[in-house]
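Sharing a structure with you now.
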Amino acid sequence: MQICRIIGDVVSTQKNPEFKGHKLLIVEPVDLDKKTALGTSMIAVDIVNAGKDDLVLVNKEGSSARLLLDNENIPVQAVIVGIIDDIDVPKSS
Amino acid sequence: MQICRIIGDVVSTQKNPEFKGHKLLIVEPVDLDKKTALGTSMIAVDIVNAGKDDLVLVNKEGSSARLLLDNENIPVQAVIVGIIDDIDVPKSS
Amino acid sequence: MQICRIIGDVVSTQKNPEFKGHKLLIVEPVDLDKKTALGTSMIAVDIVNAGKDDLVLVNKEGSSARLLLDNENIPVQAVIVGIIDDIDVPKSS
Amino acid sequence: MQICRIIGDVVSTQKNPEFKGHKLLIVEPVDLDKKTALGTSMIAVDIVNAGKDDLVLVNKEGSSARLLLDNENIPVQAVIVGIIDDIDVPKSS
Amino acid sequence: MQICRIIGDVVSTQKNPEFKGHKLLIVEPVDLDKKTALGTSMIAVDIVNAGKDDLVLVNKEGSSARLLLDNENIPVQAVIVGIIDDIDVPKSS
């Protein structure tokens, strides 16, 4: 699972019918400073009511996605599984 | 899932019989500007009637592919699951 | 599986209910010198009572995670499966 | 799935018994020009009678491999599923 | 599957009980010259009696690992499935 920031969404009218009712959000992996973008953005489905600019926890496996959405036929890979309130990375002594 | 552009197709006569009737399209991951190519192109199967130059949503997991194609024996990994009309990435305030 | 160092944790109140009771730890892949950071940190769940600064063995597949946590519905990918006491890399003769 | 070139093979006498009767080929991912090598070579099993220097379509998921080889116990990941006759990448207008 | 060299092992007393009786080896992906290290080392379990400095064939998927070890609960990803005697990469004509 990775820490990501929600940065936008995708509009698609012609798509697999299982996607109906699910918003397709664009998420960007970010570093522990919560700002620096890391790697390529992905398209994820949300199950915790996250919104634009939220820092979120993203699971990138389709098998998890299908369990979470309780739909064995939805062709999703990434799912937003939590909104991150804070990141705690203390300095090592 | 990733945003890709369809850039061509592959001709293969000697192949696994499960592929019969499926076009093998070449898709290239692109950035949120819809133009800049990101990483290596892949071969994907289409289920939403997408065509050359379309901006599409690509699922890269074989387990999803087999569900979508309703064929447990097809050795596919990437599937085109939606045509993207627009990408909305508002500036953060 | 990869050698990682536990460097912190993530606070998330609004999350998938299956995560309740599991601490979300931040782990960073490290090199065989046990120090040099390699690549991007991830969020992992712990099953061996590991703590901050511990060198640990991390499994990055959700299917393993669900078996280990004995919960088919938990949307976890990475799991801490062992605490590493020592790394033995003898010089080749 | 990726476009690869077959560049050699691997000799292994002491191996998992399920591999008996399968040749272990070395394949190298190549670019759309069919020549430029991309990334690291892998070991793949062949199911379409491909030979040295052939341009092939490689599926990199073990779950597909086991279906294709009709052997639930074979520890294969990559499989050669088609020989590529031609790649068609027309210029965008 | 990838060609790797065994370079050491990991000592871990506090670990998932399913690991008991399995040695945790450190393997490093190598190039076709059998020497140049490629990418990050991983921890793998051995099923073919490989030893230090051996050139081996490594399968990196947990689902294969669980089949091979005949243990549905072992949280392993990488498994050593063969010892490589020789690599044959003839020059293309």
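Per-chain numbering from 1; labels A, B, C, D and E assigned in written order.
Keep this in mind: contacts are C-beta pairs under 8 Å (C-beta built on N, C-alpha and C of every residue); 3 or more make two chains touch, one makes a residue touch a chain.
Just so it is clear, the model here is predicted, and its values are computed rather than measured.
Chains making contact with chain B as well as with chain C: A.
In this structure chain D contacts its sequence twin chain E using mostly different residue numbers, the overlap staying below half.
With centres set at the average Cα position, the gap from chain A to chain E is 32 Å. Here the spacing of chain A and chain C, counted between their Cα centres, is 20 Å. Residues of chain E in contact with two or more other chains: 61, 63. Judged by the touch criterion defined above, the protein chains form a single closed ring in which each chain touches exactly two others. All chains form one closed ring of contacts, and listing them from chain D in the direction of chain E gives D, E, C, A, B. On chain A, the positions that touch chain C within their shared complex are 1-3, 29, 31-32, 38-39, 47-49, 57, 59-61, 63-65, 67-68, 79, 81-90, 92. Looking at the complex, you find that chain D touches chain E at residues 7-16, 19, 24, 26, 40-44, 52-53, 61-63, 72-73, 75-78.
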